[in-house]
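You will see two complexes here that share subunit A, one where it goes with subunit B and one where it goes with subunit C.
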Partner chain A sequence: MAEPASTRPGAGLLDRDAIRLSERAATTDEAIRRCGETLVEVGAVTPAYVEAMLAREQTISTYVGEGVAIPHGTLTAKECVRRDALAVLRFPDGVDWNGNRVLVCVAIAARGDGHVEILSELAQILLDPERARALREATEPDEVLALLSPVRKESTA
Partner chain B sequence: MPSRTVVVGSASGLHARPAALFVSAAAAQPVRVTIRTGDGPAVPAGSILSVLALGAKRGTEVTLEADGEGAEAALDVLADLLVRDLDQEPASSTETAGTGA
Partner chain C sequence: MPSIKGNDIHKVVVACDAGMGSSVMLASTLRRQLSRHSVTVEHTPVNDIPADADVVVTHVGLADRARASAPDKVIVPIRVFLGDPAINTIIMAVQYGGDLHG
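And now, the complex of A and B:
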């Protein structure tokens, strides 16, 4: 944590206000709407983006495994994005996601590809059983921020 | 081992829909296919988390590898998916790409 915040991949993308840890949704659509509304509330997207998120999910599931889904809009909804941002919503009771049980949604608003790094970080967290469990069971926003803002490793790309 | 090195063509990089399409096509192949960036570790191409963890953007060079019967054909199908801009294509033209060849 010695590096300045601005060099971390997730820095600025995830507001504390966009972390909601005791959500409830009866259906996938309802969960996606909650995700979208959160992105609207933090000023990242216009309300039309929510419909684009629902449309994307119809095309292809955003479930990535380990109880996590990453809902996001279609590429054509880019003009609905005011700024790149993430939201983390935890559904402690779980949401049925086309046969999978989702406990955490990481919702994405993105115009460019600046979020690819944080998605990469997220995937690396989920590939690590201990950290995946920590994310699913987080009860404090600080835990989520700490998990999703790991110290930047120098990219070899 | 048969391999293909290609440059990612999808505008949004190898994540979201392009990644999901690629991974489902990879999982549908008769051989196990791995993917890596540069000299990084080779990871299963059929695992969405492993593919997302690569953090490959448009223009990133990735290498596919597979061995055994059908490896060459599988690599051709998957390399073709990677170089295309899957963000710009309707779902119908890519949905069957994994099993068609």
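And now, the complex of A and C:
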């Protein structure tokens, strides 16, 4: 059943269950596996998607700056996506990401364009040092949900 | 090496592999930065760059594929998806005219 709140663009992409704020990983691959497993657990992708995420990372790093990486699969792995979804994993101890230190992963599973709004919002957050820090230091899922909800904010436009 | 005048830039394409992540983010940022100008910004797969693209932005790791796919286009390779200095060269060209090479 559709809820009224889900008419907001991007709503429903990020389940509270898919927000994991005290993860640990020794390597990039391990962090990506944790991201992929989370997407599998919330029913967004089939397990094969995790391998595609690892393969994608080999081609080009998904590190986007401000301690954040956005691991996702490849074009051919779109068939492994059951529904568009995001997962947010925080690694408080940091993960070495090919020379960069990653504290937060925003993992993406997308077949359509539903995630575009949230990624657009994420870009704005990362360009704002204060909000970027809030995302890196979030300890409650609600903080993450509030930051990433793609509601047009009247900031400095 | 192709070049284009800033005034002739009407469509910028962010070319990517999956079109799922970083390029989407870059396209949305660039769209916002160019919102005062009549420039459209799209993201497309690197193997499917539209004929009417004026400038193609892509990660250095995909630049060769972009050149093979669109040999006559100005290709702007970037290393980081947020805040890469190469993006500023596009914005400057659009704002103040001048040539953009690539």
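Quick notes
Note that the second predicted complex is superposed on the first by the 142 of 157 C-alpha atoms of A that agree within 3 Å, B and C clash if a C-alpha of one lies under 4 Å from a C-alpha of the other, contacts with A are read in each partner's own complex, and residues count from 1 in each chain.
Everything below uses one rule, namely that a contact is a pair of C-beta atoms (placed from the backbone, for glycine too) under 8 Å apart; a residue touches a chain by one contact, two chains touch by 3 or more.
In this text, all values refer to a predicted model and were calculated from it rather than measured experimentally.
When both complexes are superposed on subunit A, subunit B and subunit C end up clashing with one another. In the superposition on chain A, A:Leu135 contacts neither subunit B nor subunit C. Of the two partner chains, neither subunit B nor subunit C is touched by A:Val104. Applying the stated contact rule after C-alpha superposition, one finds that A:Arg56 touches each of subunit B and subunit C.
By the touch criterion defined above, A:Leu75 lies against subunit B and subunit C together after alignment on the C-alpha atoms of chain A. After overlaying the two complexes on the shared chain, residue contacts for A:Glu66 are found with subunit B and with subunit C alike.
According to the touch criterion, the shared surface of subunit A, contacted by subunit B in one complex and subunit C in the other, consists of residues 56, 59-60, 62, 64-66, 70, 72, 75, 108, 110, 116, 119-120, 122-124, 126-127. Residues of subunit A that touch subunit C in their complex: 56, 59-60, 62-66, 70-75, 77-78, 108, 110, 115-116, 119-120, 122-124, 126-127.
In the complex of the two chains, the subunit B residues touching subunit A come out as 11-13, 15-17, 20-21, 37-40, 47-58, 60, 87, 91.
Per the touch definition, subunit A reaches subunit B in the complex via residues 56, 59-62, 64-66, 70, 72, 75, 108, 110, 113, 116-117, 119-120, 122-124, 126-127, 155-157.
Subunit C contributes residues 17-22, 24-26, 28-29, 32, 45, 59, 61-62, 80-83 to its touches with subunit A in the complex.
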